[in-house]
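Heads up, the next two complexes both have chain A, just with different partners, chain B and then chain C.
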Partner chain A sequence: MTGQDLKTWRAKVARATVSWRFVVPALAVVLAINWMASTSTSTMMTEIMIMALFASSLNLLMSFGHMVSFGHAAYFGLGAYGFTLAVVRGGVPPELALAVGPLVAALGGLVFGALCVRLTQIYFAMLTLACAQITYTVLFQWYDFTGGDTGITGFMIPRFGLSEKGYATAVLAVVTLCLLALWGIVKSPLGLSIRAVGQDRYRAEALGLGARRVQLVAFVIAAFFAGVAGTLYSVLHGAAFPDYAGLGITLDGLIMVVIGGLNSFAGGIWGAIIYELLATFVSKVIHEWELVLGLILLAICLAAPAGFAGVSARLRAMLGGIR
Partner chain B sequence: MVLIQLVNGLMEGMTLFLIASGLTLIFGVTRIINFAHGSFYMLGAFLTYELVPLIGPGTLWGFFAAVAVSAAAVSALGILFEMTALRRIYGKDGILQLIVTVALVLIIRDLVRMTWGANSVPVQMPDALMGALVVGDTYFPLFPIAIFAAGLTVVLAMIWVIYFTRAGILLRAGTDDRGMVALLGVNEKLIFTAVFAAGAFLAGLAGGLSAPYGEVNYLLDTTIIVSAFIVCVIGGLGNLYGALAGALVVGVTKAIGVMYFPRLSMVLIFLIMAAVLIARSLGRQGGPAR
Partner chain C sequence: MQPILSARHIRKAYGAFIALKDISFDIPKGERHALIGPNGAGKSTFIACIAGQLPGVEGEMIFKGENILSLPPARLAKKGIGRTFQISRAFLHMSVLENMMAAYVIASGRWASLSDRVYDERIDRVHAMLETVGLADRAKDVVADLSLGDRKRLEFGMALAADPDLLLLDEPTAGMSIKERHFLMEMVAERVDATGKTLIFVEHDIDVVMKIARRVTVMVRGAILAQGSPEDIKANDAVQAVYLGGGHG
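So, the complex of A and B:
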């Protein structure tokens, strides 16, 4: 991103508002598709919505805090396991345990984040990766408590016994609320300080902001929402596996943000939609899905680094500018 | 038993150093973290698996020749990648740079899975290194000792190149101030490509050398890159001696930790890293990334 692009982008974030003209019809479309489509489509939509929340929580760190987390799956996994273990080992009623998952993820974010924000840029990325791998290893190897590599299954009726369509609607409500909350945070004074530290930490510090503390708060918030996503995912499948905290999910999230568009709030959402649809349909046709994905990523990074949001913004500008 | 694990740990530490040093050198000059470095390591191991039977199965020279050829092939791939992709994104957003190397990880992983399948492949150990060295009543396996020695040779050669040759001067100058080197009339692009080639070579070498002693499968890339990252954090990126110290500490801790806390040896390494970070909030001797 050139300096000029950055400047216009900063101005855009400051001015942007939630466009209800767009959000309300979008919600209606999702509900309509969910109503008419098959149950397998509903499940896929549920997964897309959950991943959109996960990618958006990562996007809060990447686009706004300018912190590249390479271990965001840890908090997805902690959310799933926090919920699952509260039910299985803690005997907490599942409805109540729904709150435990995100809180455990936020706590994990606090512990790891306190360590990670001591570093910047590439060191930060490497340390978040290491933290996530530790989480994965513990989940994978601690058989007596976490069930090890076989994970935990069969402890509850998936989706609390809701139908696929019913659960999709519930997830739509939760994810919408969470995304609005995330957007509210981005626009709040706290979000302003997160952006300030992300853009120029030294200037922000000179203005009296505690850069590390702001980053830690951002990290915990992102971990919390990743935990919500993890919990929803765990309820969807009625299971928890160590892979939820694995590098695969982290990379999925990163790739979604890049495909959808860095430096754009909607990037995480677009990315999740595009990525999941591609993954579903391409992997049906071609066995080597990762190879295709790698080539797509290379093409995006080299040719269209602003991702889908950037391309669509350019298209809109070309079409005379709707906004 | 502790002593034997110590030897194994030193060997793992030495291969980790070969990888981490490549990461560090590349980062020092290009400011890019090559996430695909673990993939280069993995490719080195698989190519060695293919080449050992062709060049000289079971023989000592056959093994080392196969490793060297594999490393050279990996290095060639590195050059291709640097010239076609990386060269276009130097100085761009760090996130993009990471994602480009991640794309390479995905591509290599699928190609490896297509070629060699999902199961581990066995790499033949040279006959001469099958035995053990008997000291008192302890049997030290010969192979890790030999690999440690081979690694040490590479390290010494590396130090010689970096501190006593013209190429080394250019490398150090490029790390300190790229712009100045270019101003002085040195072909900056050539330095970048050469450093990337050398880093890929080292990773391929490490993969080939340790191939007979562990599982060689398509999941190797991410396991290795995480360990290499930890080594770099402990040692401080761009710091060769730090990487050496970090690699040996990680290797030995892993090997000995497995004996006492079989399930938690990775956690132990994490604790060391956390301690190092808290002691020096920017990594051992590492400055903030520019």
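So, the complex of A and C:
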């Protein structure tokens, strides 16, 4: 490979290039479906997009930083409550409070992350779980401030008064920007460093990289984008509940990433789409839809550990070979 | 010559087992120094002590006039200590190019950058280093698909990215063919001499040691048995009895 080949190859692969040939049609399809769909379908699409962002933020930690978090919902919840409490307790106009939610989540990520990255592997996972449970308990118990288990409702018109379709379009714009930002981070020198520490922290440290510092930066970024998702979710429903920071949301995110495909940027997006569609449509046919989900998870773990994204890549390679 | 590294009464214990017993010696700047000895002699432990990868080490490790024993590996790398590992630790699921780029990005301190310019500014140096270690043709390949010899060469190149003053190579030729061993170590020696670096390497292949090292330390059971030039070591009766076994006498 010549130096020029190397530069050309790198420009194509290592740089944060975006495949607009894929992104633009995908956005057009989502907009078209939203335009034609019923209001309930638009709401479902909004939830899918929000969860795609949440799962992608978790995917940054899991697939690239090799940090499995059992408490990522804490930052979804902090985003939702950061926004809600800024409006309700702080008197901040809701439009301005939109920025507060993600910042509160990032701050939470900084505080909890500084604690969690001191340990690795299962101990890291347990610390993330403990931090999320602390967050959930505070939201659940602190009635005077957070509304306790009943949450906070009726403080704003859901979706800022936008129609379901209008809000879905706004969420599409925000989520697209956030995903592009996450993609840019993954492909940047910072992303390369996050991957380096994830793959071999001892090698990274021997090269001069402070592993904990890199992990903390990744943790805060992931918390920020989970906070954006939580804020969008709170605006969608015009409410915030402690369950937003609960184990259920974390498990949803973990399942989405595994179904969608670990080690793939698109894994979180595909996972959210598949999971939410299953939850919506299979649950109408079979009451115990989680059984179907469990079987799918089993099949993926045993037969396709790279998830939907891995299967899709293999199919593309096969089709390419046929051509 | 002024020593670049001085070990003073280095002691490391794992519970009741003492891996290093009161190790003291100097490494002059620009020296190619081999650590040899039977398995369990403490060679890799000593390398790990210099690289800051072991807690609870007693004594003093003076590098460029500063005691570095309590410093973490990342700080030591920035101070000019580069290393490779006994078992290759390149980033397995990245390409060769990404590995080398990661090494250069980290060495530059621009690891937190979001700008592609960081890549652009380093791509020529990355390419030159891949050429030096003979891996430019394999730049696109994922490290997991490389042979052991290629991984070791990649790791050596990555260790050089930060332009370290002291290079620690822990069994750099383990698992390689004889031809690969000599190719790698001749390349290492050439590069080390050309850039004025100091080299400490652990090696079991005595032919490689005799050819590459200017000075040799023989360790046995956590202690120094003998030190000297390769010729002195070959002629040392104690070393012959304990390690070389007469084959090289």
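Basically, the second predicted complex is superposed on the first by the 303 of 323 C-alpha atoms of A that agree within 3 Å, B and C clash if a C-alpha of one lies under 4 Å from a C-alpha of the other, contacts with A are read in each partner's own complex, and residues count from 1 in each chain.
Please note the rule applied: contacts are C-beta pairs under 8 Å (C-beta built on N, C-alpha and C of every residue); 3 or more make two chains touch, one makes a residue touch a chain.
These figures come from a predicted structure and were not determined experimentally.
Residue contacts after overlaying the shared chain place A:89 against neither chain B nor chain C. In the superposed model, A:205 lies in contact with chain C only, and not with chain B. In the superposed model, A:195 makes contact with chain C only, not with chain B. In the superposition on chain A, A:214 makes contact with chain C only, not with chain B.
Of the two partner chains placed around the shared chain by superposition, chain B is the only one that A:115 touches, whereas chain C remains out of contact. In the superposition on chain A, A:134 contacts chain B only, with no contact to chain C.
Applying the stated contact rule after C-alpha superposition, one finds that A:314 touches neither chain B nor chain C.
On chain A, the patch touched by chain B and the patch touched by chain C overlap at residues 1. Looking at the complex, you find that chain B touches chain A at residues 27, 33, 85, 88-89, 92-96, 98-100, 102-107, 109-111, 113-114, 222, 226, 229-230, 232-233, 237, 263-264, 266-267, 270, 273-274, 277-278, 281-283, 286, 288-289. Within the complex formed with chain B, the residues of chain A that make contact are 1, 62, 68, 70, 115, 118-123, 125-127, 129-131, 133-134, 137-138, 141-142, 247, 251, 254-255, 258, 262, 288-291, 293-295, 297-298, 301-302, 305. Remark: chain A residues 1, 3, 6-7, 9-10, 14-16, 184-185, 188-190, 192-193, 195-196, 199-200, 202-211, 214, 217, 263 touch chain C in the complex.
Looking at the complex, you find that chain C touches chain A at residues 51, 53, 72-74, 77-78, 82-83, 85, 89-94, 97-98, 101-103, 105-107, 109-116, 118-119, 123-124, 127, 130, 136-137, 139-140, 158-159, 161-162.
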